[in-house]
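Letters A, B, C and D mark the chains as written, and numbering starts fresh at 1 in each.
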């Protein structure tokens, strides 16, 4: 029955949960592109995320959809701890439970989109770019090796530290859609108040059950998993 | 340093501990013959046992040496729970920590040896048989499939339940050396008071540290791992 | 075998996942307190081997908002509602029970006497139960902490004070450090330890309490499979609560029911007391032994 | 970094493994009681996910045999000897401490106030410490149970009663059933839960006690690696005890020392108090931060 595709209403949207098989799991720079059979799941809106079972761990791990090849769901994973390492170690044929899509994605109704990402923040960009007709993009990385993942976003402008992505922002950046480390998002928010930013926090459930993922908004702790992860700061 | 071969005195005998690689892990009937590189370990006396690291488990598992091929140590494992299943699932090349040899083996100074084993109790017999010049042996199993493991002891007389090994014991059985389930050992003890019997109990450490493996002897609980596992009941 | 399957308080929000709520035999709310609480600052959760730590800090809108705007929406789900209440004095518990006593939509009140993430009330658990008992005629389930030398003693005390049932167990205090910085992973330092690692502790508590008192018991702590349910039931639990497992498997209740229907080894459950709101039929202890 | 590494009481027998004993900075005996105890019938141990349960039941030859025939042989090992004592009344503790007070070969007495496998003494932990304190001038380490709502309170109580140090923590009660029969895996039903799963609980206890009292602390509970030692030390432990890990790796102390020598992230240890018998030099808290 867990192998069946189960549909459930989460925070007013339909999500599905199914045991999906790994098709390919290929390294790209320090990251791994984990491709899974799509099964009955919908790819959802760019910026939405999925909860991926991390073999051997108690909790699943939130991952933004990176690409939606026909019949597959692809995630870009950075191995920084036990859960992501377990995901990067998956062999083709291995099966994991996946729940999603979850949360609020990017608002695609934008006139002059500019994608901005830092480090693993590039994860949602390839899917977002395809939805927006490959708009201009700026990617920042800490190392040359990380920058190799730029191949997932052809034509993107790439910078490696010390130079920061924010230094590459044009004077009139247009509609910025960004994902990356908090300091980067904060900097962008200051420069581009109406930017759409995809935030992160530690999540246990991803669907509003645990109150673990909260971030402060207007003096109250709100659940990033159902009220985010994408926010247009100054709407 | 854990990869080095460490020698330590345990209960008055030398044992060694080393990380050993699996060479072959082949099914025989419902059992698995787990062959490991011998490294710097000594095979010890037949009836002695080793503590094998069971991947993913907190405690190692006690296993009697089954065979001592040149440069290897071979164990016959029956998958009955998480630890033994983990051992049976080991792939060639995988490495596990092994400590031994431990405990008291069989006394090989016997005039007319007769080996008697039930079920997985056959484990120590091949090594014992080679040490004694392949004496007569009687093996009992619960199923035909289990009986397939008889190939490890060519020439042995094999019986499958309902007929029990004890029914095959000759009137003058000579020097019985036996290993098997408790009821079988009890039955043999009644028939052959001076038999050498290899007992089992749950063990956490295998070298006298935990007092978990005790069995009652003369009104006191003694540690089977260092006072056994082999006893000549009526010495 | 069928045994009532509830969620564990604070591990599930029925309003965001109505389908999941309907898969439960009853919904237990996150603990409600007299006043609104914003809870602890993040990070509030950290995974550890075999489980997780949390220090949510009882974030909730307070009893007024709960009764006025949350309870009505919960009622629409048509699932029995258990309200978990927590406070910082006997008066708090009394006040909230009084408020809820009037609410026909509330079938059971669970008294959270054991949250490791908030300061403890000055009174003993028994005194809190006494205060609550005086304020309501609704079934009162006392939720106890495993962090005690002799939980049977606590069980006898709350039973004597008028508790109608027990919810066992809450989390136990745990702490984990970041391997890089050696600083606590949670903003509050320690938090509540839950998940599979808690299971042996929960089983020991349920066993001890089932022997000590004749109250129905909702067993919880690391429940993840039908086998875990059989463990609790065979020790005397009349229902189970799903907590951490719901984070990785929102449909765990349905899966577990399927696992329980599949014929397994017959077991003899300890004499059980039906959970309030469930007839012995709907929680057929006997079915366990006959299967 | 070097921090004294001891074994945890009951997890190692120095007489059967002298090489291992010499790899420890001190040897802690299995708990000795006034009279011989045969312990509990087998099965006494069961592995569970993330740890193990034990109900050995303090099998030991009693204080007379210990002093007359075991202590002399332990002394030959030339490793500092900590004797763990347990009893069933304040008089028991007093009597044994008096016996050991005369033994120059005993460097520290550890008071086991918290074995989950035997009935508890009628007196409080503090009363037992008071009785022991009056009977000896040797350093007294109080070994506390994590099964308490507020361990800091217990720490303050035993400190006030004259304890010189704390050993944290003992096992916590746990139970596991056989999946086939749903009967307990241990003859006694419940047992003491130890191993990795206990680690977050132990860290929370060490943290709470280190903040509450100015006593040296021997930290234990699931320690298996150099990282685990750094966790305990950074929370205020002055030494660590190895328990369950010794069952799978008798040479763990040596391995862990190697791991601690390998340069890792520098950490700032909490202000520590040197463990009795070890100069601050031999337990260089500072080395931790400077490495």
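What we mean here is this: contacts are C-beta pairs under 8 Å (C-beta built on N, C-alpha and C of every residue); 3 or more make two chains touch, one makes a residue touch a chain.
Since we're looking at a predicted model, the values are computed, not measured.
K.L.:
What are the chains that chain A and chain B both touch?
P.N.:
none
K.L.:
From the centre of chain D, which other chain's Cα mean sits the farthest off?
P.N.:
Centroid comparison gives A as the farthest chain from chain D.
K.L.:
What's the distance between the Cα centroids of chain C and chain D, rounded to whole Å?
P.N.:
33
K.L.:
So, what's the distance in Å between the C-alpha centres of chain D and chain A?
P.N.:
A distance of 47 Å separates the two centres.
K.L.:
By the touch rule stated above, which residues of chain C touch at least two different other chains?
P.N.:
Within chain C, residues 50-51, 196 contact more than one other chain.
K.L.:
Of all the residues in chain A, which ones touch at least 2 other chains?
P.N.:
In chain A, no residue touches two or more other chains.
K.L.:
When you draw the chains as points and link the ones that touch, which shape shows up: line, ring, star, complete, or other?
P.N.:
Line.
K.L.:
Per the touch rule above, enumerate the chain pairs that touch, sorted by label.
P.N.:
A-C, B-D, C-D
K.L.:
Please name which positions on chain C make contact with chain A in the complex.
P.N.:
10-13, 16-20, 30, 38-39, 41-47, 50-52, 54, 56, 59, 195-196, 244, 246-251, 254-255, 258
K.L.:
What does chain B use to touch chain D in their complex?
P.N.:
So the residues of chain B touching chain D come out as 1-2, 6, 8-11, 17, 51, 53, 57-60, 82-83, 97, 99, 201-216, 220-221, 226.
K.L.:
Under the stated contact criterion, what part of chain C meets chain D in this complex?
P.N.:
Per the touch definition, chain C meets chain D at residues 48-51, 53, 120, 145-150, 172-177, 179-182, 189-190, 193, 196-197, 199-201, 203-204, 207-208, 227, 230-231, 234-235, 265, 267-268.
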